[in-house]
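So, here come the structures, one by one.
You will see chain A twice below: alongside chain B first, and alongside chain C after that.
The block that comes next holds the complex of A and B.
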């Protein structure tokens, strides 16, 4: 194998190498907290660069699109695929992870000797997340899913001196494992129905379904159902969202943003990979199911977000609602992929920013973030409050923010695909969403200051907030370059 | 390039205000006032260079942003939007000048005001439906903050109610825009297109027209507001700071009337003709209901707020009379109402700044201590009632004449609105100003200062000028509204009545 043959798995290789170096630093140096963080950051940056190089190589007509034990260029059983889809996912996941890690920076420094552990887990989780999006095979996708999930279970309970952190981690682990089991059962049934676990190549699921009439359509339907349910857990789509509010509330604020944003990107991308690459012929079966899940997510997410008193729970339920909006893009099939990417990318950037503000207001180690702590934020920290307002406007879908563009594109995609009822439902839930986000804005801007505590914004967090706020507005004003890229990021 | 400049000027001003360093906070207010002037200059320049008699859009900027989605930075101005733009640009400097009572977070206040101005100018100038919607919706945010942060006691409730009511309407507008954009896309062989000039060529079925009319209409009905969607307005007006009330009544409500005229009547002519009765009746209900409720208001600001409901009813009646006089009159009422009600809110605000109460019962006989103020108030009350020679008369007469041609019964009922206006305004005037001073707390009230007189006098002069000689205004409005009527005639079986007085004769 030459170097070019490794390009499809370059990001993963870089991240794993980074993880090993972080652990080695712990052995070699006395107090390598800051150095470890820098190495982790560098590994993420290098992985992002590798993804950019993948994109360029694809533009130049690279022929080593797959990675497999059997060699190149088109192995019989490809395991990892390199296409515009996976390269785009890579850039988004790695950049968002860098921002997430920057928010967690202060948490890392206070962890002492455990910081190496923390950073290693983050790198492994990110590698797993990208693997989910770049897999060419159900088995590989599952391995990526589990790599990411197990690392994140541990991260959720990382501040274990707090009782509710344990609770969050255990809950996340139990429900997450259940989701994995459901997913892998669905994968097994897909194999039963199609005789393959591969997405590409001779004898793949796609080819089988294109060339044959399925003998047992019930098994295929059940298989697709289980796969969708398993992934719905990961992306917190209703009614499989119950873990999210408790886990977000219990996990350290410094890392929730990365959990929420990273898993969503990878989860949606993986779901898209399965549906668009392996099961495109079955769109008439899975699109209505996704439309129903989307509708349920919007309703449950916005309504429950409206009655929460804790900002992290509000954001968790808002995440459920946004999962619904993103799923609207899926029902449009291939036409919706660009909208899905735009939504997922901009939503991830906003969510990282929002949780960065949470980490500042409530402390990066803390679990809960009651509304009372946000009272009068605009008097205590005007810039922070304005930045948060921009993010909230984006989440509410107000124009001149990315949230508006994202909503318009997915609404257009779903309506064009004939799902007018879903768009009308989405419009109605958007109204409730206005209440959710403006209520939080009211607490920050309209109520008097609750405490005199000084709000300290760490420099790394300030940088993340600047990036998140600027991209939210700039890509809201001029979304065209990103929209064009997103529309190119199609799976093979 | 004058229109993009016009929209961006307030935004540039907002940035300038935001950049004032903390230790030079005394510069914030003068700078805010200064940067609100250039948009007025630009708007007047546009008005001066506007080609009279030309019905379609002028000063057009067309810059495609996304080929496949059919979105563009498309701006233009015609007779319908021209005066609304001038009105907007005129009211903002006056509203800012009337904001000296704001001492808390002045910088944020001025930034919010200037962003609001950008949004409103954009609403009236956008020729791309999605761009229009973006401006239409962004207006919510600064107005929410203005009411919510700088309003009076019940501001939290009022501001959230404002956002939810008007936001609820606009999401259906967004839905309608997307559907219509997809229809238009089929026409030009793209996914979608939002150019309203292209949209005119889309042939829609009657059912599609009806549903789209309703989706668009609900958003505009809430903004106007049409009874029964008006309940947000008295709360928002009452709790808002003076400047926000001025803009709310003067400009924000006009987004609704403008929307009906520019989009509903232009894009869905068949549905318009079918629904004429429904909307005209709702307009008349608004006229009478708003006036009757205004009579019994104990709160003077609420009284003016309900009078807005009544006046906007005239706008609606005029538009859906579907005659040249009615449409022209409807647009003219919007302009006149913006000036007169804006002035009334400014005046109420000046009184509130002195006594911090808006209850009519707390006053009585204050004409003896504030003669200039009382004179100004009476003048604007007469303008609002529609005294001949002042601006209110021209528009309402044109509406009544125009609607009498097609909807005579409704026109006769609507005429009672003029009488009721005299009742609520003059009765309120009597209780607040005439007789001896009943409340000793009012004895020390001082009359208007130079700054306050300078704010009101321009409005007094304009109200008089366009009341006596409305021709320059009407000449520019009429060709554009006639174009809409021509389109309705061309696409439906409806015929605009030819006979009857022209607006000029009627108003002369």
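The block that comes next holds the complex of A and C.
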């Protein structure tokens, strides 16, 4: 058994090497801001390639579990898992991060000497995000979660000379670390109840729960509850979403897309890893809890999105509602994984595009993005307004966009699992949600222009917008290639 | 009376609750952060107590990792709080309310 193979952790190694090179460049070269950005981009691309290689190696029958305890015949306490689930997560996270970094390109160039710190933090955060999805152990998952979270706390307040940014950082930090603590207390109680922190291998949680009756079922229930609550914070599911609107509004627009999309992908993937891999025998306990959180998220997210006057807050609450739709896929257990992946992937691409438009309209350093700034965008920047409209249609779930296909797949998954009430609730909130997105579209297309200043779209942002718009429409018309891949991306 | 690991886990649960109450009740960002640290340490106590009760080394290993992560979090957290305090000369979270809608 090639226990010490490098391929399972290749993406993380590449990203950490990239982070170190970016810092070294600052010492070695004069003003290497653009060069640093190129290195960071190359590291993300290489990590994506490594994830594709992982997928191929798995097809050739590579081992799944790595870094286990030595000297035992059966792998015990593996730390890293390489399966189609983690490889798929890797490709999605790294590609979305590349798009997010491209949106932040202008922000990076204006940061000057601090751009190296910025890029390093982005690379570390992305490495942590992928580590969350590729861990075979609760502790490994916690370390990935904290690596990502701590880097993101700093990124949220990075333009600290602006007053709102530090407020966003404090709120994100206090509530984020509270969520982390709740999560890790759940992990500790899971350890107490099952005698393991590992998801796989001899004596793991999964094997223990499959073979034994838990002595203290109350502790196991409490532990699962705490783990789910901790993760719900990270993926902004209601009622644990309160930080999201403030943080999105205060953080620099250039990086919010990456924060919103990246954390959602990794958070849902990590939650799925825990529930599908470690606790599949307890599905009757956790599925109803997730259904309730999903329902609450859809209602709260949709209703509160309708009454906001800031585009970033609208998008934050819309993200809460979408977290609810994605959680619908979880209640179906293993059958829902494909729907979850399709929804998360297409939603992340759309969200990156939407926040790219926000960064253009309101400036990549700025915090708030009041609706007034958007009025009459169609006459000031017609192409931008139409691209935004496509993405809003996808968020609303209109046919011929990815949002429609994604919604249909999760609705079907929930209905097949017997959660008809959740599907009906989701239909209602989808219809109410139309108001949220068409309200913004009406401001862009029907109201008079807010100013005469020209809207300048940086070339990197234009590229991201093109990718986001094309994938949103193309995968909406022809979803089958991605759906097939998503259905293959099952955890071990 | 023999003090079994279960008692330590009960103590940890109490500490976790005190920390949680502190986060919810206190309005000073530093005190809230201290409460979160208290919760983290109750997690450590749970890990070590459970590991001792089960006769497994994993509990202590996990506690070590949590300690390291907590140290990293302290570094970043205090830096953020100092940055806020410089700009506003307050650490009261109720006065951090310019965001909202």
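As a convention for this text, the second predicted complex is superposed on the first by the 477 of 492 C-alpha atoms of A that agree within 3 Å, B and C clash if a C-alpha of one lies under 4 Å from a C-alpha of the other, contacts with A are read in each partner's own complex, and residues count from 1 in each chain.
Please note the rule applied: a contact is a pair of C-beta atoms (placed from the backbone, for glycine too) under 8 Å apart; a residue touches a chain by one contact, two chains touch by 3 or more.
What you see is a predicted model; the values in this text were computed from it and never measured.
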First (chain B), second (chain C), both or neither touched by A:292: neither
First, second, both or neither for A:313, with chain B first and chain C second: second
Chain B versus chain C as contact partner of A:157, first or second or both or neither: second
First, second, both or neither for A:427, with chain B first and chain C second: first
Partner chain(s) touched by A:192 [first = chain B, second = chain C, both, neither]: second
Touch count on chain A, higher of chain B and chain C: C
Partner chain(s) touched by A:143 [first = chain B, second = chain C, both, neither]: second
Residues of chain A at both interfaces, chain B in one complex, chain C in the other: none
Residue ranges of chain C in contact with chain A within the complex: 9, 16, 19, 23, 29, 32-33, 36, 39-40, 42-43, 46-47, 49-51, 53-54, 56, 58-59, 61-62, 65-66, 69, 72-73, 76-77, 79-81, 83-84, 87-88, 93, 96-101
Residues on chain A engaged by chain C in the complex (per definition of touch): 77, 138-139, 142-143, 146, 150, 153-154, 157, 160, 163-164, 166-171, 173-174, 177-178, 180-182, 184-185, 187-189, 191-192, 195-197, 245-246, 249-250, 308-310, 313, 367-368
Residues of chain B that touch chain A when the two form their complex: 65-66, 69, 105, 108, 130, 133-135, 137-138, 140-141, 144-145, 148-149, 155-156, 159-160, 163-164, 167-168, 171-172, 174-175, 178-179, 181-182, 191-192
Of all residues in chain A, those that touch chain B in their complex: 378-379, 382, 393, 398-400, 404, 408-409, 411-412, 415-416, 420, 423-424, 427-428, 430-431, 434-435, 438-439, 441-442, 445-447, 478, 480, 483
